[in-house]
Amino acid sequence: MLPPQGSAYAAEVDTVYMALFWLSVVLFLGIAVCAIGFAWRYRYKPGRVTPHQTHNTMLEIIWSVIPLLLCIGIFFWGLHGWMEAAVAPGEAMEVQIVAKKWIWQFEYPDGTRTVNELHVPVNKPVRFVMTSEDVIHDFFVPDMRTKQDIVPGRYTQEWFTPTVLGVHHVTCAEYCGKGHSDMQAKLSVDTDADYQKFMETGGTEWEDYKNNPAAWGKLQWERKGCSTCHSIDGTRIPGGGPSWKGIWGKMEEMNDGRKVLVDQDYVIESEDFPQAKIVKGFEPIMPTFQGLLRSHERQGIIAFIKSLGNDPNGGPPAPTVLSLPPKPQPGQQAQGGAQGQAK
Amino acid sequence: MEHTLTTQPHTGDRPRPAKNYLNAEKGIWSWMTTVDHKRIGVMYLVGVLSAFFVGGIFALIVRLTLLTPSHKLFGKVLITAQTYNRVFTLHGAIMVFLFIIPSVPAALGNFVMPLMLGAKDVAFPRLNLASFYLWVLGAVMAVCSMIFGAVDTGWTFYTPYSTTTDGAVTLMTMAVFVLGFSSIFTGINFVATVHKLRAPGIGWFDMPLFVWGIYSTAIIQVLATPVLGITLALLALERVFSIGIFDPKLGGDPVLFQHFFWFYSHPAVYIMILPGMAIISELIPTFSRKTMFGYRAVAYSSVSLALLSFIVWGHHLFVAGQSQLANVIFSALTFLVAIPSGVKMFNWLGTMYKGNISLETPMMYAISFLLLFAIGGLTGIFLGTLSTDVHLTDTYFVVAHFHYVMMGGTVIAFIGGLHYWWPKMTGRMYKEFWGQVGAVIVFIGFNMTFLTQFFLGSQGMPRRYYNYLDQYQPLHAFSTVGSWVLGLGLFLTAANLLASLRKPYDAPDNPWGGTTLEWQTSSPPITHNFEDQPVLEKAPYDYRPEPVAH
Amino acid sequence: MSTTSVDIHQPHGHPDDPHHQHHFATMEQQFDTSKIGMWLFLATEVLLFGGLFVGFGLMQARYPQEFVEAHEHLQRPLGALNTVVLLVSSFTMVMGVLSAQRNDKKKLVLFLILTIICAGIFLTVKYFEYSHKFEEHLLPPRWYHAQPGDTVKDPYTGQISHGYGTFFAFYFMMTGLHGFHILVGMILLAWIAVRAHRGEFSKEYYTPVDLIGLYWHLVDLIWIYLFPLYYLIK
Amino acid sequence: MSTDQIIQHEETDADHEPHSSGVYVKTLIALLILTAITVGASYIDFGAGNVVIALFIATIKATIVALFFMHLRYDKPVNAVIACAGFLFLGIFLMFCFIDFGSRDGLRPVNWNGKMPVETAAPAPAPGAAAPANK
């Protein structure tokens, strides 16, 4: 009847559910047996006189008080299970979710972002802090017995401790329009080792992209959100930045009249200190990505920008094979992330 | 099973008056300008049944779309996601606002309640007609919004989706606004009628329980519906002028809309069920030929349900971003409504106990109601419980829950009541056999359609889904087949009733041996209801053979 | 008259009164019923406005500073003037009802006209207030123009908070709905004034005067809350 | 019951209602005085007390209007019950909404940078941008 239990508190939810189920079965059978039984036992006979029973106060009290007691019991039982699900433990890892029509964006503590694919380590509590960019969505993981609306303009939260390895289904449970039923994601509960690997490489697809940095860079362009401001087809996104098409190796004019060569250093500087040099005709609105990009991700982006350039020989060479960054020290990454975001 | 009438009509031998309310005046104009509550009731009946029919067709389309996850019929995708969203929105909106809310009170209640009170009409006959025309206007606007660009918000119109989607949402909200006023007018009218137009000798506790139910409903209509009105007005303003109350981009709060909406719409579900329960409280004593057990308890439970219904609305917002404290409070209060509902249930069973029960069509519907409402109500408890609701909310479990209470509860009771008062309203008897067959098919089809959905929902199938995972396919297919059985039963029932209209007047004044006042007048009643002012001699539901000494 | 012998075809009391409707036994019953109906309608009005009051209250709690600053842009003397005008109109209205009860046709018409005049003054004042707000762009968030006194910034964008516009959104909706009620009331008052002039009312039958009086007082009563909430908050 | 009531009222009806304008004049004066008091009070700073005082006086004024101008004091009790019901349910509505809004947690992500991802509204002449959910 219920999906497999994937989280630590799913068991309690299921117990309450099953208890209610059996209580309902018993009550329903009682009602059904009476209704059908009486209809049969006292079926119509012409001339039979029925007793004139107007009421029985004792009975009224009994069948008000017993259900009341049952209800009080159910309420507290349900409250107990829910409290557990409502309050996330302090040590929980925090993953941010931004939902929009009709995709899921996950951001991990170190700034890694994924879309429609969520990785969490097994047996560690994880807490989601969620918000929406457009309408209300709802983060629903049936196996975890958890669900919470994602409301634009504010943050809501949800947490669970995944206990079962493997892929679980994430689905949007608040009506959000045409793609509502296609707004799905995969939640993969990994062993610690797998999760570490995912964290280092920033995506499980890493293995496939090692030798194709430009494609890897394109993926980062989508995932890191560059695509919201930078087009790759030469058009200018309103309220965004310059298109990346054809900028590699070009002498870009800045708003103070300087001319700057778009090369590896300049791109890295733009990522980390975007306000340092502002391209002529644009506003200084680009957020800093300092601490949010791994070196192989930067390499990928550079290769990608280069691949869009009209002058194949311009600028310094971009990498053709990606190398992994050195293993991060635990704690450092998260710190870097926080610093990077501080204004 | 008996196919003949099991009760001798009390007054069937009285000569039938030549003129009754149906043929006293002729011509369409005489209907359109009538202020006779019976005629208005009949017009409402035609209206709401048409709405039910249209809503039902949309429901069948919904089910047909969900037959397979590929949505292919004869190798083609006939319904796209966009269309599907519009279809279920219209299904929900039509069923709720055009059909079920006016169904029992405005159609049957309008016809029967003044008769039960021994009154000549409702308190404000012209207001009554105005209410009907507002309903018509609302229906026309709803249909227009369907034609000019459809609405895909779901019947709940949640912001900010409803403020940003295109289509004729503004027109639809205005339609519902108008329908709300139609409902308010009915409510005002009925409260005043019950207070002031009871015939001599009818005290509060001499009123039939149907009147108690309608009265409680009318209280909710008066006190809750204005909030729906203002909510929808705000929504329309938000769309047109971006006033920014519900829109987070302009500093508003989308959850506020949900509070506003459910402050009306939870009480509204009791606008739906109370009249259904009211009908059952008539059917069970009549067909058990036994006095109502616990009359006062049932009467009080109607009023207390009406009042309690105002303080539980937050149970629709458990995962909506409402504060945790509010969740706890609303969950606790939600359980309170189970008590009066249970009191009713048990008193109905108590009435059947040691009765003299015959299973004519209305009684078959009454027993269906007992079973189906029990399931619907008990699953409401799953939803009121915090920990289980988090899993079940916005899944098919909720869909199944509310169809069990609305379709299995109210609509079943409505159809039962329709059969019960059909002879009084039309003067014709339908074919008992086909009525019973219809009742059985409806019962089976209904359970096939919606029992499956509890399992779908528990497994995690979200509602308002056009696409779904393959694992849910068998249950969805079963449900779809069930909807065809259900549709068949309803068509049969409708055909049976309509066929009876071709006969000459043949219904006795009191075919079922009812004790309430409406059975004392002729079938169909005369224009002013009673030849002489009726006087209540004994309490309703008194089935003792000898009249009690007064 | 005994309880059991009401002959519904021969209504007790005023058999000839043309206003007597057939389904009521007596004129008293008819009058009481109309009154209950009117009160029920007023209850729906309370809840209709109530929704806006709830929204206003919640938004005021969310934007306390903005609301206080925004309300400085309303002209308190005009609000107070309108309060007095409405209170006086309530008084003239109730005097109208009293005149009807006393069969004093002339005074009835006079008081009804006075009431209409008060309503007219009220709306005129409101017209000036509104046009002032339009000029200054004191409008809902989408169209609101920052004013010199506005201090609260949106913490996320650093721009002027939406709370100012929200205040005016509610201001326009609530006073607008209220003004609409005044307008409807004026039409109704004019209508009964004409009827009164024709001599249709007497101390036996003055139900419409009484009912519209109730409506008018409710409109006044709502303003009694609107005035301090908008013009006087601190 | 209804008819019994009617009979009673034939004897007693309207006897209570004021037959002179004196009561109404007094009512009006009371209302005007109270208006003067609220306006006066609004110039003094009582902190949060201002709203309470203003609403308290408004309620007194509303009660006076209902009792005298609207005749509830002389009318059948059922009308007063209806009027009270309207305000009572409005109170319920207000109370539960405030419970919710008053106890929201104002949650933020740990590394929050002060921005909401909601698209900003058309910045028109007015400053437009993301919504503050909580302060």
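As written, the chain order gives the labels A, B, C and D, with residue 1 at the start of each chain.
By our rule, a residue touches a chain if its C-beta (ideal position, glycine included) is under 8 Å from a C-beta of that chain, and two chains touch if they have at least 3 such contacts.
Model, not experiment: these values are computed from the prediction.
Taking the mean of C-alpha positions as each chain's centre, the chain lying farthest from the centre of subunit A is C. Note on chain placement: the centre of subunit B and the centre of subunit C lie 35 Å apart, centres being C-alpha means. Centre-to-centre separation between subunit B and subunit D, using Cα means, comes to 34 Å.
As a whole-number value, the distance joining the C-alpha centres of subunit C and subunit D reads 13 Å.
If each chain is reduced to the centroid of its CA atoms, subunit A and subunit D end up 43 Å from each other.
For subunit C, the set of residues touching two or more other chains reads 3, 6, 29, 32, 36, 40, 43-44, 46-47, 50-51, 54, 58, 62, 141-142, 161-162, 165. Each of the following residues of subunit D touches two or more other chains: 2-3, 78, 85-86, 89, 93, 97, 101-102, 114, 116, 118-121, 128, 130-134.
Shown for subunit B are the residues in touch with two or more other chains, namely 195-197, 200, 223-224, 227, 242, 248-253, 255-256, 324. Under the contact rule defined at the top, the touching pairs of chains are A-B, A-D, B-C, B-D, C-D.
Listing the residues of subunit C that touch subunit B in their complex gives 3-4, 6-8, 21-24, 29, 32-34, 36-37, 40-41, 43-52, 54-55, 58-59, 62-63, 140-142, 161-163, 165-166, 169-170, 173. By the touch rule above, subunit B contacts subunit C in their complex via residues 119-125, 127, 184, 187-189, 191-192, 195-197, 200-201, 222-227, 229-231, 234, 237, 241-245, 250-253, 256, 260, 528, 533, 535. Interface residues of subunit C facing subunit D in the complex, by the touch rule stated above, are 1, 3, 6, 13, 25-26, 28-29, 32, 35-36, 39-40, 42-44, 46-47, 50-51, 53-54, 57-58, 61-62, 76, 80, 83-84, 87-88, 90-91, 93-95, 98, 101-102, 137, 141-146, 154-157, 159-162, 165, 213-214, 217-218, 220-221, 224-225, 227-229, 231-234.
On the side of subunit D, the complex with subunit C involves touching residues 2-4, 6-7, 9-10, 13-14, 17-19, 21, 24-25, 27-28, 31-32, 35, 38-39, 41-42, 45-47, 50-51, 54-55, 57-58, 61-62, 65-66, 68-70, 75-76, 78-79, 82-83, 85-87, 89-90, 93-94, 97-98, 101-102, 114-116, 120-122, 124-132, 134-135. Remark: subunit D residues 1-3, 78, 85-86, 89, 92-93, 96-97, 99-105, 116, 118-121, 128, 130-133 touch subunit B in the complex.
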